[in-house]
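Next up: some structures, all given as structure tokens.
Presented sequentially are two complexes of subunit A, the first with subunit B as partner and the second with subunit C.
Then we have the complex of A and B:
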């Protein structure tokens, strides 16, 4: 069994299992924490507030736009770029079809992939630069934040290095890092990809109940 | 019995006859019934005419020599460049790239590295002469710092991947072998091409942000004439001294050349002909070598060589002592402005250095 077969075979299934079970376990843990009973008289629906918050929080409140413009733009560049690359790159679609679900959809053209990847790279680097140069961000960032950023960066970088699909070792390196990323995901702040919805829901319900637009 | 013996004798004689006939035929004749035996050089080629008049009367050698020297033929298609079968400029480009560019480029980068190490050993770290005051002045705004580190990060990746592409065969192949180099070069090329365009955008933003204070002005040469870095007491300067301004303009021109030539290399149809591509490649490499060599000095002085310099790019503030010692004219103006920095977290972090030093 070659190294590539290991990282795309047993190690892939192991890491994907840890990813799914770990993430589900963490979500269950959060849900089981529950919340204190709110004794205030509801002025509006908490559920509607929670629902609204899911969408309203995609953009900052008017008064904060200028202060958050940097990480707003960088954040969208990174996340949109990453999801486009992850879901619409031809090698990724082929891998998903072979290993996860046998569905077909149209891949991006090569130039589209390049543009999306460049957006993702620029966004991620800008976010990390902010993390190391903003005095507040320096203080509140810990090892987990940096490991998550760097691991994601390396996954993306090795993926791009393997773009030509002519060298097996590069593809294997990329897959190894993908496997490590999946294993690290449930135990780190990378979980924000899942927990953001709960966070927004909680905040939205809290303010919604009080009749405030979340 | 007698009849059998006669038959055997007939067969033997017949076989011997065939064998003798076969040996009498020369190897040349055996290979091709139409080939010509060429026994002397004069016969081999005489004024481009091939003796024998069997395969035409023009020498193939002359024909291919002409092709190899870039002879222009005739084509009926619109692309007249197709009339040249072999473009000789490719060989010239290859010789320049693998010859003087690689030799002098390698020497320049190696020399710069040795100079920085030697400078560090001889001069060590430029420490502050006076104690820190705990009062700080702003030096780099947050956008300036963000774009600087963004460009710096990309520069490192592009520089290293570019060095692998350029010098890998000479430097790395004997150490790691051809297979490993092939993988590294392949990966480097992909990363280089993908991240290059981002670097161009970031570089333009950075050059615009830093332009205002990097225009040469009266007094810049005073810093140089009084010894610059080599002076024991720091000569006065504006926000950036002559060395820093020169680094900016090197980045401006060499970075610009790298960007333009890089775009041409990514979109090879842009220049219209292969000579344009070859020129772009040489410009790209020469500019990159110049930037990489100079960047070694910049990195050394910014990160380790000058006490307090790194704070300016991480926290954005410098202690008044640092400002007055390194950039007196600029610091005096900034102190007069009496910036309200109290409470700004980065300013507090910078000011705390006075307590810890």
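Then we have the complex of A and C:
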């Protein structure tokens, strides 16, 4: 069995399993903690508050857009670029069809991949530069923040290097890093990709009862 | 100090919402942009996310669903120590007014103020609470008021207002529709509000009373993070209101008092009340809308409104004060930002009762001052006795000249007699 076969075979299945079970364990574990029933008389609907909060926090409100413009622009560049590359890069679609679900959708043209990847790289680098240069972020950042950033960066970098699919070792390196990223995900702050919805939802529901969503 | 009790309390406070918050935070630091303590000092320790770091560590070590596995690999933060609690005391009590402005800017919508409150409960369990707050709590339990206002003094103040307005105020009136409670600051410093209420209610034909056993709305237990004290203080109001058989308890111009009685109270006493809680701004707005209060003339000065955080951003009463301002002001100007994004006075969440925080509170007013300098009002109106007192003190400190008015009193001035 070649190294590529290992990282795309047994290691891939192992890491995907850890990813799925770990993330599910985490989410269910959090939800299991529950919340005490709120006995106060609601002024408005908690459900509507929870729903509104999901959208409200996609863009800073309350006059903060200018003060948070760096994070806003870099954050969206990174996340949109990453999701486009992840879901619409031709090699990813064929890998998903072969290993996860047999669905077909149109891949990005090569130039589209390049543009999306540039956005993702620029966004991620800008966010990390901010993390090591802004006094507040220096103070609050920990090992997990840096590992998550670097691991994602390396996954993206090796993915771009492997795009031509001319050297098997590059694809294998990319897959190894993807496997590591999947294993790291549930144990790290990368979980925010899932828990953000719960966080916004709980705040929206809590304040939604009070007739407001901050 | 009992560090183990503190940890136990903090960990037991982590429910599904807190766990979601602590798991979703990506350390982006944007919350700092919303904090008046950080904005005014530039001190990175005042970044709201840093203030909740003890809670994050308690969660990651004890309550994270994957903590047992992570512990095997040494991937959990170290246990909290006494030194940690001592180091964080000023962050938890002096530099957070629980204003909740940081939630607005947080991409994850994390209720950071709620987490600070839960951290305070850990500090209470450990016995680390600023003396200003423990003293206020002691007085509240002993005399009924955090400022030590005894029933006999309260009766005297009410009698003076009766004399001033010529309107009798019947205390402990069984079967009245509304029972009014007041904040300690109102009773001591802004007692004219009692006369203003008497005039408004007489005009509107409102049947009301005040209790001589539960006249105090201030709940220092909520501010310091002591649920037992908070419950005792809420229970006094609930018992008095239910004994008198009133239909409503009117929460006064006090931010956290409204939160304490209306939103947290039923959860503290473990049941629904036999009466409804209505905030004074809601009641006045309703009376105006029903045509039971009519006003005549308007204040022509350039007036602005300071939104008390716990009433507006965390209480949901946003439009009512603006409706009332439109009744009494012909030259009303909003600050920017305003409403739910308002900037705190700097003294909420028990900070004004905490002498350790005095210098910092005055510095934090710098953010509010910048807002005021933009709109240059002749006077500022608010609807919280504590905000009013804190604003007046800070205005003096900064050498500014600007009266701070109470909205109820302003409305009473323009009643159509």
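Following the convention adopted for this analysis, the second predicted complex is superposed on the first by the 211 of 214 C-alpha atoms of A that agree within 3 Å, B and C clash if a C-alpha of one lies under 4 Å from a C-alpha of the other, contacts with A are read in each partner's own complex, and residues count from 1 in each chain.
Simple rule for what comes next: a contact is a pair of C-beta atoms (placed from the backbone, for glycine too) under 8 Å apart; a residue touches a chain by one contact, two chains touch by 3 or more.
This is a predicted model, so every value here is computed, not measured.
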| item | value |
| --- | --- |
| Which of subunit B and subunit C A:164 touches, first, second, both or neither | first |
| Partner chain(s) touched by A:132 [first = subunit B, second = subunit C, both, neither] | first |
| Touched partner set for A:146, first subunit B, second subunit C, both or neither | neither |
| Touching partner for A:117 - first (subunit B), second (subunit C), both, neither | first |
| Greater subunit A contact set [subunit C / subunit B] | C |
| First (subunit B), second (subunit C), both or neither touched by A:202 | second |
| On subunit A, the residue positions that both subunit B and subunit C contact, one per complex | 134-136, 139 |
| Contacting residues of subunit A [partner subunit B, same complex] | 70, 114, 117-118, 121-122, 125-126, 129-130, 132-136, 139, 157-158, 160-164, 166-167, 169-170 |
| Subunit A partner contacts - residues on subunit B that touch it in the complex | 142-143, 145-146, 149-150, 153-154, 157, 182-183, 186-188, 190-191, 194-195, 197-198, 201-202, 314-315, 344-346, 349 |
| Of subunit C, residues touching subunit A in the complex | 14-17, 19-21, 23-30, 32-34, 38, 44-45, 47, 49-50, 53, 63-66, 69-70, 75, 100-101, 103-111, 114, 262-267, 270-272, 276, 313-316, 318, 336-337, 340-341 |
| Subunit C partner contacts - residues on subunit A that touch it in the complex | 22, 25-26, 28-36, 38-41, 43-44, 53, 56-58, 60-64, 67-68, 71, 75, 131, 134-142, 145, 186-187, 189, 191-192, 195-196, 198-204, 206-207, 210-212, 214 |
